[in-house]
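One structure below.
Chains here go by letter, A, B, C and D, matching the order in which they are written, and residues are numbered from 1 within each.
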Amino acid sequence: MTPLWWRAVAEGIGTGLLVAVVIGSGIAAAQLSPNDVGLQLLENAFATALGLAVLILMIGPVSGAHFNPVVSVVDWWLGRGLSIRDVAAYVPAQIVGAILGAVLANLMYGEAAVSWSTKDRSAGHLWLGEVVATAGLIVLIFALAASGRAALAPAAVGAYIGSAYWFTSSTSFANPAVTIGRAFSDTFAGIAPASVPGFVVSQLVGAAVGVGLLALLYPSARRAADEVVTPHLDTTGASK
Amino acid sequence: MTPLWWRAVAEGIGTGLLVAVVIGSGIAAAQLSPNDVGLQLLENAFATALGLAVLILMIGPVSGAHFNPVVSVVDWWLGRGLSIRDVAAYVPAQIVGAILGAVLANLMYGEAAVSWSTKDRSAGHLWLGEVVATAGLIVLIFALAASGRAALAPAAVGAYIGSAYWFTSSTSFANPAVTIGRAFSDTFAGIAPASVPGFVVSQLVGAAVGVGLLALLYPSARRAADEVVTPHLDTTGASK
Amino acid sequence: MTPLWWRAVAEGIGTGLLVAVVIGSGIAAAQLSPNDVGLQLLENAFATALGLAVLILMIGPVSGAHFNPVVSVVDWWLGRGLSIRDVAAYVPAQIVGAILGAVLANLMYGEAAVSWSTKDRSAGHLWLGEVVATAGLIVLIFALAASGRAALAPAAVGAYIGSAYWFTSSTSFANPAVTIGRAFSDTFAGIAPASVPGFVVSQLVGAAVGVGLLALLYPSARRAADEVVTPHLDTTGASK
Amino acid sequence: MTPLWWRAVAEGIGTGLLVAVVIGSGIAAAQLSPNDVGLQLLENAFATALGLAVLILMIGPVSGAHFNPVVSVVDWWLGRGLSIRDVAAYVPAQIVGAILGAVLANLMYGEAAVSWSTKDRSAGHLWLGEVVATAGLIVLIFALAASGRAALAPAAVGAYIGSAYWFTSSTSFANPAVTIGRAFSDTFAGIAPASVPGFVVSQLVGAAVGVGLLALLYPSARRAADEVVTPHLDTTGASK
């Protein structure tokens, strides 16, 4: 079993790189395609879908490659591997990693290390978008795990986010740590700090909706406590 | 064996999310890329190809992830798992799900819950497009099933629709339930209610053409009644 | 063993659908993105890469899914499954299928069934592009076969053509049957009949270059006559 | 065991074709989409991601498909298959191949065989981009190898580069041989000769950072000398 501090560092690195991918490709898109916001989002979605899949491949065997507090909490809630102590280490690591990832993206593009985003993202229909985006993500990840297809998670999660950038009105943040990180860059993918709480609450609601749908679709996704003999983290990122 | 009501609900959820992907990404594309309809369709196709593949992965083990009345009917016709009673539950669930998915997409983008599409799609060459699109879809799905490669269906069906958005003149609806759902949104991906019957009839013709091609290419796709010992729904969405 | 006439019909259907994908998506791209030829080619490449992969999946187990005379000839030359009699049936079927596919695409878009292309594609650097495109295709297909990875051929060949649309100056026809078919449509993907011979000759040269590279990289790709016990066509399109 | 000269030639061919993909698609993109640099980069990234994945599939079983001096050096450093003598043959072959690939791309587009790039790429934030790009590439490749998933390397490396074109400010050269080759073409993907040393040094730094991260995340990636019984080059490009 990989030591917890090590897995937490891996979560931090992975979340940081994910935020660097999201923000970095957003900066490039806005600079290079100034006349069409849709094209910017397509470029951002292309980079994110591929980059997220690759990061899950890269970090999955070490820590499960959650990169996302709601995924870690649901993993614990469903009894799929993480203990509450694991969660308590993962979540701060994910948040710190996300912030450092934003700094890295800013520096790679010659911007100030930190610039608070001024992009307001507060509206009821955006929050609905976040609920849908997060619920879908949770169902996807744990449906794959519950049906023995966790090896497909890297490609599937990347594809899901690439699609959800487009079909949800909120462009699918679906991740409290990444949401916080994206407040630290006043660029294409940013979110104003004042809009962060609304997004995070929506994501928590979405996670609860996702758990409810899982209970309907995959009753076996939740393991009884006495079934969990040892925490598991398999080499394909299965617990994700 | 998963109970029928449960599988039907899963079909409804999956079809609804599929319609939400199609309509939602269409709204985003039209808003964000107002100056190039081709770019809008590329964005819509990108989101649909990835989203459809993911939804089949997500729901496949529960219900087969048909999301499409003609697929369910052909599955029954070929004796590949569904009984006529299954079909009678799947099809209404798919249609209701599709309508609710349109409502969800409208709400996510702050539109009225329902707005009838005003996009006329009635013309002989469009109907030919739907025949080709549906025939190809049927051949693909049951060719994979007949040759023991159903695990490839999620990626293959997603890729097929992403391509068919472009190579058919009708942008490949290829699905009566989704066609009905798309009438409930006066946005990029909509279809005027008056154009729905022509599309659905063309899809039924296409399904028949597809079954004919299958009989030529994969005679084994049709199972004799006495070969079907029990309905099957494998964990890879194989019956799809 | 599937009867030869049946496999030849399958080659005709597959080649026809491939040409319908190429021409159909080209017509849509030119109509919908009139202001940027690069965007048109991106749309065309997106549809072709996905559609070609799907068609190989669909037809592979029946006939090998060559859809391409130079692939069939090289398959015979390397002793990988086709007899000379097979080749004599495949090649005409591929050419007839390609022409009918062009007609289908024209009809789907409400054009005349046949319109000779007026797009001149005659220049030394374009012929060099075709040599490179075809050589690469041949090396790819038979490298996968020689190394026991033919199951990857659908995705790999689709990806190759999607890339080669861009990196070769000729937009990578790489297929004599498809080249002939594309002369029958005066649209984005067309080629003037007078330019066809130059492209076909270049493709034959490219195939020879590819066979030479294979001899260097994969000496085992060529089977000794006495190793070929029976023609093979496995379920993954392995002989392709 | 494939003879060294043969593997070195394979590395040269593969690196050459990779550079031809990068430069060729860049020329096409700049010619066909003159009004949007972002769209040019999207077209270039699309072609490179697919083309690189295909080339790794094509050459992997012969030589490991490194196509990159830092990958070959790290492979030797970690004791994963290459001897120092192998490295001494691979690296020059990669550089010569890269230069010939640039010439091929220039000729395919009717340009002079060689034209020195005039595109200045010298700035601290670009060098940081190269450090990040190269570190990520090294971690990805050897994480897959260390966790027994080398068969995923073709798709994963292609996806990584496609994403890194966007998320790094330098558009992710991440390869000294390719960097040198790209100096030989005064086109979209070129780099002025004077900017080459800064990029190469950054790539070496990135490789060292990547090795450090690997030591943290995958301690098993480095093999003890006495574990390496024989050099290995498996059929999935595992040593890459």
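Following the convention adopted for this analysis, a residue touches a chain if its C-beta (ideal position, glycine included) is under 8 Å from a C-beta of that chain, and two chains touch if they have at least 3 such contacts.
On a predicted model such as this, the values are computed, not experimentally measured, just so you know.
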Can you give me the shortest step count from chain A to chain C, moving only between touching chains?
2
Could you check if the interface between copies chain A and chain D is built from the same residues on both sides, meaning over half shared, or from different ones?
different
Once the Cα atoms of chain A and chain B are superposed, what angle does the rotation have, between 0 and 180 degrees and to the nearest 5?
90
Compute the distance, rounded to whole Å, between the mean C-alpha positions of chain B and chain C.
28
Calculate how many whole Å lie between the centre of chain B and the centre of chain D, each centre taken as the average of the chain's C-alpha atoms.
40
Among the residues of chain B, which are close enough to touch at least two other chains?
36, 39, 42, 46
Could you pull out which chain C residues touch chain B in their complex?
6, 9-10, 13, 17, 20-22, 24-25, 27-29, 31-33, 35-36, 39-40, 42-44, 46-48, 50-51, 53-54, 57-59, 61-62, 104-105, 107-110, 158, 235-236
Chain A-touching residues of chain D, taken from the complex the two chains share
36-39, 41-42, 45-46, 49, 123-125, 128-129, 132, 136, 139-140, 143-144, 147-149, 152, 156, 159-160, 162-169, 213, 216-218
